[in-house]
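Take a look at these structures.
Common to both upcoming complexes is subunit A, partnered first by subunit B, then by subunit C.
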Partner chain A sequence: MTRTLGYRLFQALLVALTVGVLTFIMVRALPGDMAYRIAAGRYGYDMVNTDAANAVRTELGLDRGGAAALGQWFWDLVRFDLGVSVVSGEPVIDEVRHQLGHTVELALAAVLMSLLIGPPLGILAGLRPGGAIDRGLLLVSSTLRALPHFVVGLLLIIVLATGMGILPAAGHGEPQNLILPALTLALGLAAVSSRVARDAMAGVVSSPYYAFGRTKGLSEAQVFLRHGLRNVSVPIVTYLGVQFIYLIEGVVVVETLFAWPGIGHALVHAIFARDVPVIQGTALVMGLMFVLLNALVDLACYLIDPRRQTA
Partner chain B sequence: MTTIAVNSSSSVLEQKRISVGRFIGFTILAFIVLFAFLTPLVWPVDPTKQSLRNVLAGPSWSEPLGYDHLGRSMLARLAAALRLSLGLAFLSVLTAAVPGVLLGILAAWKGGIVDRALSILGDVSLALPGLLLVLMLTAIAPDSPWALYVGISLVLWIEYFRLTRATTRTLITSPAVQASRLLGFGPAYIVRRHLWPEISPMILTVGAFGAATAIMAIAALGFVSVGVRPPTPELGLMMTELLPYYEEAPHALLQPIVVVFLLVLSLNLIAGRKAR
Partner chain C sequence: MLRTVSALTLGLMLGIGHAHAAAGDDVLDIVAPFEINGTDPSTAGDLFLKMGVAETLVGADEAGKPIPALAASWELSDDGKVWRFKLRSNAIFHDGTPLTAEAVVAALTVARGKPGILNKAPIETIAADGNDVVIRLSEPFAPLLAFLAQNTTAILALAAYDDKGRVTQVIGTGPFRISLLQAPQKMTVERFDGYWGEKPSIRAASYLAVGRGETRALMAESGDADYVFNLDPASRTRLSRSSKVSVLSVSIPRSILLKVNAGDPLLKDARARQALSLAVDREGIAAAILRYPAAANQLFPPSVASWHNANVPPLTYDPAKAKALLADLGWKPGSDGVLAKDGQRFALTLVTYPDRPELPLVAAVLQEQLKEVGVAITINSTNSSEIPAKHQDGTLQMGLAARNFALVPDPIGTMLQDYPPQGGDWGSMNWSNAEFDQAIKDLSNISDTAQGQPLRDKAVSILQSELPVIPIAWYQQTAAVSKKLENVRLDPFERNFGIASMRWAQ
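After this line comes the complex of A and B, so read on.
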């Protein structure tokens, strides 16, 4: 267990290193004069002139040498000093902390919804492989898997928000604002987790110990609760780890689509405005969140499956 | 006895279903490729040419798929967007597959420090979720498909590397390979004779899956407007552009959606059910 957690720590270091190097290259490689672009982001495109750009240049020290800048960059990163947003002037760490709360809220709602939709349907399908539920689920999940998350979100907006007017299409603050973006992510997650649950359940149902449980006279519910559930949950939880990639990627796109004020939204807007400290901060936090979630999945699998504890 | 019979018949059915799925997948993909590459030959309309009189006009005989919000031919734009997505996806998969497979064999063959170094290289590329990496690369070089290409290839090669490494590792200790080595056959023979037949079927699956990932990533970045820039036709970008005109011209918005769906569906079908 310490070994897996050690690996996750190593992965977290790699995230920081990759994000640091990439954002540093970004600053250096961006075409055009960075001072002008930042000035445009601050004062609006109509208000930019040479004086404003020069003021930005001296203020942010944009004319320093490359090696010194890289050293400074990593020193700041090591101290977790993410700097100040060049557009809003606020410390990045405060902005990110604020946005992270919204993103975590969205992600949690999505994972919970997907767990309510996916595995139960998958287990139902797996109990009777080849049955009507199984075939129907295969069709639905194949369809959902062929649609990128933003298309799912778009269709949900068109049908539920503009078509029927049940839910607001975008916005933030009211509880019902959470439903559509979370549902968009949840449907994508459930499309995969239902198939994983179905395959695992089909495997368990055809196993000798399950047959023996039935033979010795346990009811369907008893045999499922005692012998099925725990065995099925290990692959589902493990697969949740793989799905977090989908979740993190989905957050970027879905937040942008629904104007959800989270970290993915901030990242995309920072890329527009060439706000490198914010790009660095958001990418770093998202990468670290991914590693942390995977570490939690490792821990959960360790607790569910006692076989791993002895090994 | 009966359970065994049922099991074997269902597994035969399953195998048949996979091959049927693959066949359907290849058929859809072939149609899409033909559509993308034949349209400019049969229908030489510039995808950026505007005719403002026909803004958001529906399908007609002179313009089978109608016009978009700037009076540009949807047919020409769809075909051009597909050529971009298909070309970029194909190129990325190819660029990912060749070094991925070669490095995977190398890592399993040499073991020790080479294996460890290559695995760390894989971990570095995996540290960030794929789309995040591509997003940051497009921030470094905005407005160029090259950033998309490099980013997607960097994400895709790891899957080849891992699979090839795992397969080669078990194969290399098998009696058959050891016999070949004892008989004095060189690495080229062993790769061709023992490793390639095992690896090659997986390459199609991983490749189709990777191409689907690439197409989704390109469309997603276009959709949040950080991929290619207008007026270049791109499937995700077309959806963003046409979304405000959904009420007036639903057909225009639905076209890129249907095309992305069919494309990814066909690739998923080719990849088969085992690949997720």
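After this line comes the complex of A and C, so read on.
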């Protein structure tokens, strides 16, 4: 286990290094003059012009070489300073904290909701493969996974907000604002996690040890709790780790649709405006989060599956 | 984690089966696409002005005429070079400090040092003289009043700036003060009791930047927002049938135009540009994409009365004539249907940007319409800054833009920037006309509307015949307003949401 954690720590360092260099090179390699792009991000399309771009170029010293700028970023990073946004002038760490905080809130809510929806339904379906629940779930989950977030979100707004009027359509600040965007993401997550749970459960149910549990006279509930739950948990928890990637893909669309002030939306804007410090800072924090989450998933699987502890 | 869980539970308990907060309270909820780019007037001044947080020295009425704002009055020296502004004696900033000439001078000096509008005026000095602010110019410049009404010149208190001139806190003088600022999306304001002017009836308002038009419209429909700015055509039609909101619209001084490089070998001849103009079915574009009567048969819409010239022959749609003009210039259809001359094809690249979602659509229609007369267009939909960037490096052939002629309330501010003899980033390129240049130069010295009218008419008629830019469509600003709200007016200059004069229906 120590080895795994040590490996994750090494991975974290590697992520920081790679993310810093890659984002920097990629942004520099994007077509277009950075000074103009930053000026457009700052002053908007009505006010962007050559004067503004030149002022930005002078202010930020964009003429100096890329190596110097990258070196500066690493030097600042060593001192835990992520720099300031070239668009808003705010410290990157504040922007990331504010926006990533909102995204993490949304993502956690989505994962929690999906855990309440997906695995229980999947387990029910897996207990009787080919049954009515199984077939119904296959249809619903395929449909939900096939629909883009954008469509699911709009449908939810139309039904729950404008139609029934029980939830706000978009915005943030009130607790209710969280429900629709989280549900939009959760439905997509649950669509897949229910399938994973269903297959895992079906596998367990058809296994000899499960049959033996039944044969020795345990009730359905007993055999599920003692021999089923722990065994299906490992693939479900492992899959959770994979889901975070799907979440990051989803938040960009969902945040924009629901006017949620998160990182997906902010990152897209930062890329358009060539806001290198924000892109680097965000990518760095997100990269480290992935490493942390994977470490947590490893840890959870280690605790769930005793075989790993003896191996 | 705990916060999320409790938020969820609370949300589920309160939210379901309970009318949500936005609809019931007395906070006016405004939703628009504009993001809050920071705390500095040079980047976010438009929103501070729109929300009634900050004010400018000079205001503008509905026709764009200068009216007193923080300056109660002003006078101009006989040589037209020295402007003296008398400040309002009862105006105070949100931090309780009085409006002084020093504060105004400091704010204007900072604004002048940043990209914006003030650095484009021939200002020599800005100084305080007692409680007056004196601006000395190197030459007479009548549009100064309009420049001082622009949002980047909003006046903030001395305490708002740090020693490098960066804004750390937004301290304005407006009828509302900021209670929460979460860039880039959210701002809430509350009534400022020390306001010098008439006290607003609205107690508090919130602003939310929402990028997607569909979301904005749905927020209006569900009652989450009371005042929703910028509606897409489909939503506008749907909302106009709603019983809960009314849809307002106003013609604004913004035009979709095709900026052409008049130095490009294909477009050098004015007849080639006329041919392109004749090939454009403006009515069709207006009806299919913008869905309101918006076909621009000249640069300015009739609502900009002083710059709309009713006497110029309108731009028309006549593809046959377009083909004839191009044939006169020696262009002959090639094997692929594209015109060719001396082995060169009539093929152009058109640069546009998706910040205004209708622009790429208009570009696609233009591509089809120009194909009809044998002109091949490649569309490059990219960042808005590519148009000025490619203007500067000379590689631009055509750019499709939605140009705002109300950068300052008087269109002359935009005209001076966009149509100087050497060309402007968003206007003419490799085009100049001595008569036109003289007319614009003279106009910058004349403040009297009637006196400048012949010059404006002349300038517009030259633009109409030479077509350094090809007008395509005029804009209307639309908003959905809750029926609970009264006294709502759309500002054609997009300077102010007008919260201060709105009230809740009794």
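Heads up, the rule we're going with is that the second predicted complex is superposed on the first by the 265 of 311 C-alpha atoms of A that agree within 3 Å, B and C clash if a C-alpha of one lies under 4 Å from a C-alpha of the other, contacts with A are read in each partner's own complex, and residues count from 1 in each chain.
Following the convention adopted for this analysis, a residue touches a chain if its C-beta (ideal position, glycine included) is under 8 Å from a C-beta of that chain, and two chains touch if they have at least 3 such contacts.
What you are looking at is a predicted structure, and each value in this text was computed from that prediction instead of being measured.
Peer 1: Pick one for A:176: touches subunit B only (first), subunit C only (second), both, or neither.
Peer 2: So A:176 only meets subunit C here.
Peer 1: Look at A:145 in the shared chain and tell me whether it touches subunit B only, subunit C only, both, or neither; answer first, second, both or neither.
Peer 2: first
Peer 1: Scan A:206 for contacts with subunit B and subunit C and give back first, second, both or neither.
Peer 2: Only subunit B is touched by A:206; subunit C is not.
Peer 1: Just to be sure I read the superposition right, which of the two partners does A:158 touch: subunit B = first, subunit C = second, or both, or neither?
Peer 2: both
Peer 1: Considering only the touch criterion stated at the top, classify A:23 as touching first (subunit B), second (subunit C), both, or neither.
Peer 2: Only subunit B is touched by A:23; subunit C is not.
Peer 1: Going by the contact rule set out at the top, does A:258 touch subunit B (first), subunit C (second), both, or neither?
Peer 2: Once the two structures are laid over each other on A, A:258 reaches subunit C alone.
Peer 1: What is the contact status of A:51 with respect to subunit B (first) and subunit C (second): first, second, both, or neither?
Peer 2: After superposition on chain A, A:51 lies in contact with subunit C alone.
Peer 1: A:130 in the overlay: touching subunit B, subunit C, both, or neither? Say first, second, both or neither.
Peer 2: After superposition on chain A, A:130 lies in contact with subunit B alone.
Peer 1: A:229 contacts which: subunit B (first), subunit C (second), both, neither?
Peer 2: Touch partners of A:229: none, neither subunit B nor subunit C.
Peer 1: With the touch criterion stated at the top, can you tell me which subunit A residues are shared between the subunit B interface and the subunit C interface?
Peer 2: Subunit A residues touching both partners: 154, 158, 162, 256-257, 272.
Peer 1: Mind listing the subunit A positions that touch subunit C in their complex?
Peer 2: 32-33, 36-37, 39-53, 55-56, 87-90, 98, 105, 108-109, 112-113, 154, 157-158, 161-162, 165-179, 182, 256-259, 261, 265-266, 269, 272
Peer 1: Provide the residue numbers of subunit C that touch subunit A in the complex, in ascending order.
Peer 2: Answer in residue numbers: 1, 3-5, 7-8, 10-12, 14-22, 31, 34-35, 37-40, 42-43, 46, 114-116, 119-120, 152, 166, 182-186, 208-212, 214-215, 218-219, 221-225, 353, 355-356, 382-386, 388-389, 391-392, 401-402, 404, 407, 417, 424-426.
Peer 1: Hey, which residues of subunit B end up touching subunit A in the complex?
Peer 2: On the subunit B side, the touching residues are 7, 10, 13, 123-124, 127-133, 135-142, 216, 219-220, 223-226, 236, 239, 243, 246-247, 257, 260-262, 264-265, 268-269, 276.
Peer 1: Looking at the complex, which residues from subunit A come into contact with subunit B?
Peer 2: 10-11, 14-15, 17-19, 22-23, 25-26, 29-31, 129-130, 142-143, 145-151, 154-155, 158, 162, 192, 195-196, 206, 242, 244-245, 248-249, 252-253, 256-257, 267-268, 271-272, 279, 283, 286-287, 290-291
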